[in-house]
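Labels for the chains are A, B and C, by order of writing; each one numbers its residues from 1.
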Amino acid sequence: MLRFCLRRTAQMVIVVFGVVTLVFFILRIASGDPARLMNPPGQQEEIVQLTREKIGTDRPLMVQYGDYLVRLAQGDLGVSFHGGQPVLDEVLKALPNTAMLAVTTIVFSSTVALILGIGAALRANGAFDRVVLVYVSVALATPSFWLAIVLIMFFAVRLGWLPAIDMEGPQSFVLPVITLAVMLTPVLIRTIRQSFLETLSDDHVRAARARGIPERRVILVHGLKVAALPLITLIGLQLGMILAGSYVVEFIFNWPGIGKLTLNAVAGRNFPMIQGGVLVAALAFVIVNFVVDLTYAALDPRIRLGSK
Amino acid sequence: MTDLSTGGISSEPVTDAAPARTHVLRRLLKRKTFVIGAIGLAIIVLIAAFAPLLAPHDPLKQDLSGGLAPPFWVEGGSSDHPLGTDTLGRDVASRMMYGARNSLVIALFAVLLAAVLGLAAGLSAGFSRGWWDSVLMRLGDMQLAFPFILLAIIVLGVITDRSALHLILVLGIPGWILYARVVRSRVLAERDKDYVMAAKSVGASRTRQRWKYVLPSVWTVVLVIALLDFGFIILVEATLSFLGFGLTPPTPSWGSILAEGRRNMIIAPWLAIFPGLAIMFTVLAINGTADGAADVLDPKLKMGIFRRVHQKKATNVTSTDQGSEDADSIRTNLLATKDETEPSSLLEVRDLSVEFPLEDRVVKAVRHVSLEVDRGQTLGIVGESGSGKSVTASSIIQLIDSPGRVTNGEVLFEGRDLTRIDDNEVAQLRGTKIGMIFQNPASSLNPVLSIGSQMVETIQQLQKVSSANARDMASRVLLDVGIGDPQGILSQYPFQLSGGMNQRVMIAMAMLAQPDLLIADEPTSALDVTTQAQVLEQLIDVTREHQTSLILITHDIALVREYADTVVVLYAGQTCESGPIEAVIQSPKHPYTQALLESVPRADLEPGKRLLAIPGELPDPTDVPVGCPFALRCRYSMDVCSDINPPLDVVGSDRVAACHLDAVPTSKVDAS
Amino acid sequence: MTAPLLEVRGLVKHFNVRSGGFFGLGRKVVRAVDGVSFTIDEGETLGLVGESGCGKSTLARTILLLEDPTEGEILFQGQPLTAKRVLNLRRRAQIVFQDPYLSLPPRMKVGDIVGDPLKIHGIARGSSLTDRVAQLLIDVELKPEDADRYPHELSGGQRQRVGIARALAVQPSLIAADEAVSSLDVSVQAQILNLLKDLQERHQLAYLFVSHNLGVVKYMSHRIAVMYLGQIVELATGDELHSQPLNPYTKALLSAIPTIHKKGRRRVQLQGEPPDSGNPPPGCKFHPRCPIAQPICEQDEPVLKEWLPGRYVACHYALHESGL
């Protein structure tokens, strides 16, 4: 157990470290000079140089990198190029907003996907199944940004039922969560349906029926218990997808979360802020997956007790 | 025995006969999703390819006075600009056609790039299996921890003049991990198969093994993933354009038109709607094509979600909670409604036929099979693959795998026809009066529940008892089947026990209700010889002790000789002969039985003498020949055998056989 | 006296596996083959019989250097096998596998599969290759036209014939048949067994015939070696083994086999479960289950010795029960 945790922690550190390093160097190598962009075009070179000194991009690359790492180890994510606020503060302000959106979406999507996925599996090839599969196909093909706009146009502008933008009150969650859910549910439903179908075909399910166990119990206890295990890993997947989708959704709905923060930072070549946003995303992803793997192992006796 | 892994589809008669060969293209065309998808995709591709000819206007031509004109069917629109204009007066329809071009080309090359990189990486990782593999997979993990779209945004965001090449590289390169993972796992799966070792044994170098033997089975998976990835990349590219990180304006792209639409949501909603619809249509078409193709090209991936699913499911069983009725009360219930005919034999199967209608053919698994089991007797059913023995067994308790169904005959248990009565009542019989155990003990138990909880569940099905009492009962029953340490076993999981132990647990569970009949479908075929002997002895002891009748299904006629009183020999779904075991073995009345007895290696065969091999192959159950199914392989076959299927005739006391011969000539080999 | 075709001395093959512990991260050593010695003469069939986990398949593969031996010597036609002589070995010794569905590459045509060995060793090319392939197919009772078919178009028995043809292509002197008929239907098994016998007569082949089925092994073999947990516990001719088994395990094995004749024979009941090859018992590996085990069996591991002329047994009490 301990060995496993240690190994994974080491892996996580390497992964996050690698990600952060990659972003650090891409930004500074590929980008133009942020100092120049922060000044009006045609600004004199001395003023631009002052800006450079102020934000620290005049130093050699490796020095900048070393400095960054040292600060990072102390929990200091640097200061924003625009305005000088500590990046950590801005990130911590934005994080809960994205987290709330993520949790709501995960709960909602998982529930919907479980109902639709299991329902479809139980009546495979039937009408319900077909409808669900059609939904899956259409949802997979729907661009999230387009859906968000259409939803806003219809529910906010035309009908006025829900707010179009900003995070204010529980109603403001509805449209963003629906948009994200349409992104997430197709993959979830497909996986759940497949997993359930396979489990229901397993030998042990047939043997349970032969023992006279009623069908409902067969499905709920024997079927679900085995099929449910892979579903836990889906939570990690969902988080990844939400993180990816958050950039678009927070942009359209003006949601004050990590996605919007990072996007704006990219537009403004605000390196420390970009790095802060990336760090948070990578950390969240890696930690959640670790917890998921641990849970999976704890629940599956074959892993917990070490089968050959 | 042998299993055709065809992605979730199970039709019991696994045959040894040669399957037909259908051309890939024909199979593709049979799938509706593929055809519809391919047509849609073709339309888009054609529009994109011929955009210069089809577009009514130059997509870059501005007309500032005619900005934001609506589509032609709305007040204020004109057929000159059928889908309206954008803020700068440019024709939306034309921009969308050229936009299609850009999107498709970028996506195509990005996918190609990713596929090539991924294939190379996956192959090298899968074949190396050492540190290189770890490095690549860590790299992949790292990449996956980083949202792909953010990486694209960051990189593209810092490039001022974004061309198609930039987009292709940014969208394509990170895609490698998607392909690499699947290719790697495919390689790992294939390289452990015997045929690779066989290649090694004939002298193939490692390179040759990889390229000539493994690669052909692996690369097709790349095609399927590439198709699906294609749709995904189109979506990503559109998203990037929407956010402002796509092709630099004024190059037309669907995403940027949509972005404009968002800015003018209220006054010009069409600007937002049309590009979205176009994207959806394209991606739907691609996914449809991919879905249909996935099943044909690579069924192991199980990605095609629209294929018809065959699950093993009790036919027409609606569930009722059985509650906790006492086993005895169930018995009296059923006895009260018993039929009047033939009460002496416990089970009588009359003229049973079972069919499996598949997509393009019908498998006649069981054809007019009859058998009988008396109280306290053991019946052996002997047959090879395709004989229908397992399907017959499943039919008795009405647990035939879907889509199988009974097309003829009756299954009379204590006089009641199980094929005709309500499914709930049949369900009540299962586990109480009729029990069944299966071939593979490890997979017949729920892998994530402990032995104890599964046994307690079964016990509580039958009687209202507390968990503690149920566990005690379980312990006692386990002792009955020869398990020395029942308490220890109860807290363990199936994977921790050996095959023999698991099968004993299964026997114990099946015997919990002291059923009148126990069906054992190849219960020891998966076990070692010494374990097999132990388990079978246990099975016989416990059934004798409770006067339970036993049906023993096997391919091994020697087993039947050891343990059964009567025997039924099946071939290609039909009964060849049946009768008391001694009589059948001493003087078989069907050439198949005789040939079977002679082709099994015997310990006392004189050295230098040959076994009499039965020539030919087992017949294809979808292509049942007219006449006797054994005719082609029978050493005594006559003309009439190929024309007329011999009926079952009485050929002795309690003996029936289906053969045109009056008597099977005694062969030289003595079977005593 | 000519040297035997194959001589094996003290062969050992270990595997390091991940097992047990949390998340299966523990490690242990599995001694699949634990000190095996025997010979095979030209044209002879040595049967190798045992239950699952006894190491018989591993032994067959290690002899052909498909697995690297951990210790021991293998001499082929009197010459020790070294890494350099592997290709040479591949022309003289071949193998036929158990599963007809897994032992043929799914995307290669039958003609390619059978012809590839000829290409690799430069035995034939072009039209002479096609002719040789056609002849090989005929030898295994298939048709020359079958060369154009794919494995999935053939039945199990036909596929097994293809595997045999592939093994014959290089004209070997020894073929290891690793459960070659165990996955086939009963009515087809005898066909393949007789084919193998015919081929043996025609081409003077030696076989190492591995199987868990003692009846099949006896039919095919001149001499039989019984394996238990990585070691040979008895070696004798088929008749001797059957009529007068000396090792208690052999006796138990024989008595466990259901036979068509002689109902109600005396069965030797074994105690306990089949052993874990990663954690073998001390001393004689069979002693926990042996009906005649004595204290010495737990301490001293018995060595395979020639108790009677030509009869090798590994047991401290080999002659006691048989009344000799």
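As a working rule, a contact is a pair of C-beta atoms (placed from the backbone, for glycine too) under 8 Å apart; a residue touches a chain by one contact, two chains touch by 3 or more.
Remember, predicted model here, so these are calculated numbers, not experimental data.
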item: Chain whose Cα mean lies nearest the overall Cα mean; value: B
item: Longest centre-to-centre distance from chain A, chain (CA-based); value: C
item: Averaged-CA centre spacing for the pair chain C and chain B, given as whole angstrom; value: 33
item: Centroid spacing, where centroids are CA-atom means, of chain A and chain C in whole angstrom; value: 54
item: Multi-chain contact sites of chain A, meaning residues that touch two or more partners; value: 307
item: Touching residues (chain side chain B, partner chain C) in the complex; value: 1-2, 15-19, 21, 193-204, 208, 212-213, 216-217, 384-385, 498, 500-501, 528-534, 537, 555-559, 561-563, 585, 595-597, 599-605, 607, 610-615, 617-618, 633, 671-672
item: Chain B partner contacts - residues on chain C that touch it in the complex; value: 51-52, 61, 64, 66, 87, 90-91, 94-95, 97-108, 116-117, 120-121, 150, 152-158, 163, 166-167, 169-170, 183-191, 193-194, 197, 212-216, 218-219, 238-239, 242, 252-253, 255-261, 263, 267, 269-270, 273-274
item: Chain A to chain B touching residues, read off their complex; value: 11, 14-16, 18-19, 22-23, 26-27, 30-32, 124-125, 133, 136-138, 140-147, 149-150, 152-153, 157, 190, 193-194, 197-198, 200-218, 221-222, 225-226, 229, 240, 243-244, 247-248, 251-252, 262-263, 266-267, 269, 274, 277-278, 281-282, 285-286, 299-302, 305, 307
item: Interface residues, chain B side, partner chain A - complex; value: 8, 10, 138, 141-142, 144-150, 153-155, 157-160, 231, 235, 238-239, 242-244, 255, 258, 261-262, 265-266, 269, 272-273, 275-276, 279-284, 287-288, 291, 302, 305-306, 308-309, 311-314, 317-322, 397, 399, 427-432, 435-438, 440, 443-450, 457-458, 461-462, 493, 495-496, 506, 509-510, 513
